[in-house]
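Chain lettering (A, B and C) follows the sequence in which the chains are written, and residue indices restart at 1 in each chain.
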């Protein structure tokens, strides 16, 4: 029984006792989409996943799969598969038996089991480990066993709860690529929970960013990268994340300290204090501009991150190659005027600025 | 060797000597029982007692297959303990799963109830049981004994199994639910295999408690059904005590328990410490 | 305050049914085998039920209890129960802890100690009582007597002298069950992370200070559990005392448990015996409740 794999959360809320874990959530996930739920711990993303899985029931609202209300259905009735953060492999069963378990529970006849199990295992390249027990596998192999168990049934929905967080850094990056390829092959709607923004940005077709129990932005990675909706999102996305600097805006000019920052846009509203956000890659050293003192340089190989002190604030600048500066050196920097983001300091909301068209084309 | 190293070695040697001495003293009574069992009755009463004598297996043979055989009573104990243990496990394991994992109506209250029943002093139960079994004619029967042995086995088994059930990670059950396993299938295929060790511990303790039990045995049994603990009194009477035979018989009766103790020692320690971590309970 | 404000999902209802079905046999069995007899015990304690005087019967209300409160022997047995329980528990904890601390220093031989410790625990208490009565404590031929006559030149009447008899049964109980405290506390001690001791050593804490500030507080929960469990067992100890002294000489070792037994099965006064058993039950529950509260001062955690 396979529908399209569309998921909709309609005004869903979740309370535990008197404590709110999820404030009103409205979400629509499209068929065959790789959709990430991203946010720091406790932001509500795992709660949302568990609600979609049916492991918890919402305090209010509905959950719909392909327009079918599944809010009252148990997890076994929703035709989903899930990979847990701890993998939740059955320790007393072999890898083959683990993978076969969901098929057995669905009543698949015994003679078909072996080939289906081998097929799923081969897809994640553990078909040589079928007779081992989970305790005899490495972390990466266990994770793939959990994956195989999830995909063997060809479910309508594929849920992953921070599946890579228990792997070491190098393995994480390798497995990431494999996961993306796997999802393309299987063509199944995938919902992926993570706190690692790099993971979400590289894997997902669309991302929902959670903060404090609500969604603050939904969109494709590029859109989020280009136009973060709030200060919090701006400070969260990107590695390294955006620099956030206190500034003062007045019509067409933005001032940091005593220096005017050229900005190819008009800032609506009265003169006020704002937060200025700019990516490390959009800062460059210059003969004139904002005075800054080099604090520490991080050499990363192909690029380097220069930590600067501008007034009392720490700002990171990216340069290619090694660092041409000494620690403590006084330099000047300029921010790319087309790539500035402004936010309200208290609410964190993005300030929409109107670009001045003729200025944009002449950006250096 | 440095001064510090030497001091440490000396300390360790002293501690080992001390502990071994305590151990020897502690184990001595059992050892002595063995020695006595190998003597003849007259040698036992010889004064002063000596470790030099001609050992004889007469006592062991007599109490095992000879005139004073306690084999029938051991058989009785075996039947009662085995059946009681089986019944207990069959009832306690599912119940403990429900307590530990499922949202039970009035769950907490029932939990207190089970804990409280563990605190009952046996004398408070043997009195009504004597009167009740007497009036329904179940004194001195296997059925009567088995039912009575359930009274102390059940609460203890439930309490033990609950802690083992709680050790199973919740995610295991969630994964099984997503894999479309019904509650019953989850219990059978996923949970039970994982608490196998816990069940073993419970079986050992329940069986041990049943075999070693005395008060219920002596009051509620008679000539037809006589557990082995009561059989010890075959060798004790007002006029005389057959020391050597008593020792031999007691040792034979306790051999199954000692064997289980050695074989299942890790299980026993686990059972004891489980109790220590979660509170309450017998033995 | 908002909570889960939707109706129970249908699949959750099924779960409740399943849970009830699993628990039902156990609860029913408990009710039948434990609670019913208890109720019957209470009922009997309110009636005259002396099988040696079967013509006397009927409801007597609280007569037995009143009689009990005026019964010197009852108070005596209560006193003995208190002495017995407190002494055996304290001894078990002290010796068990001491032994565990010693054995902890010998990581290689620990398995042997654990093995030997299991022996007294698996023996039937009645067997233990008989062994001690005959082999160790009996006059002339018991090992204790031989030892004292050889070394001190005099004989002690371990089982015949009231005070010595009490000491004897305490000794027997302690001998059998200290191993329990030993095993539990050994496991508890082993679970303390060695890093804590190393950090303390670096902070220049001596052995005694380390014991006082690290070991004791961390092992306190285990000690409390041992105390609770052993106290409950000591209150209802029967077989070993019965086998060793039978409650005697006279009534010198007749703790309440044994007194109730004697009243019921020897004097055949089941009514009065039931009342005594009820008293013991109340005592046990009270002691457990008090000890539990000591363990978790904030209430049920």
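Quick note on the criterion: contacts are C-beta pairs under 8 Å (C-beta built on N, C-alpha and C of every residue); 3 or more make two chains touch, one makes a residue touch a chain.
Just so we're clear, the structure is a prediction, and the values are computed from it rather than from any experiment.
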Dominant chain pairing [most C-beta pairs in contact]: B-C
Far-end chain from chain B, centres as C-alpha averages: A
Euclidean distance of C-alpha centroids - chain A vs chain B, Å: 57
CA centroid of chain B to CA centroid of chain C, Å: 15
Interchain centroid distance [CA atoms averaged], chain A/chain C, Å: 58
Junction residues of chain A, two or more chains touched: 74, 77
Multi-partner residues of chain C (each touching 2 or more other chains): 12
In the complex with chain B, residue positions of chain C that touch it: 12, 14-16, 18-20, 22-23, 25-27, 29-30, 33-35, 37-38, 40-41, 44, 49, 99, 102-103, 105-106, 109, 112-116, 118-127, 130-132, 134-136, 140-141, 143, 146, 175, 179-180, 183-184, 187-188, 222, 225-226, 228-229, 232-233, 235-236, 238-239, 242-243, 257, 260-261, 264-265, 270, 273-274, 277-278, 280-281, 284-285, 288, 292, 295
Touching residues on chain A, where the partner in the complex is chain B: 53-55, 74-77, 80-82, 84, 86, 88, 90-93, 101-102, 105-106, 149
Footprint of chain A on chain B - complex, ascending: 169, 171-172, 174-182, 185, 189-190, 193-194, 196
Residue numbers on chain B that touch chain C, as the complex places them: 11-12, 15-16, 18-19, 22-23, 26-27, 29-30, 32-33, 36, 44-45, 47-49, 91-92, 94-95, 97-99, 102-105, 110, 113-114, 116-132, 147-148, 150-151, 154-155, 158, 183-184, 208, 211-215, 219, 229, 232, 236, 241, 243, 246-247, 250, 253-254, 257-258, 260-262, 265, 268-269, 272-273, 275-277, 279-283
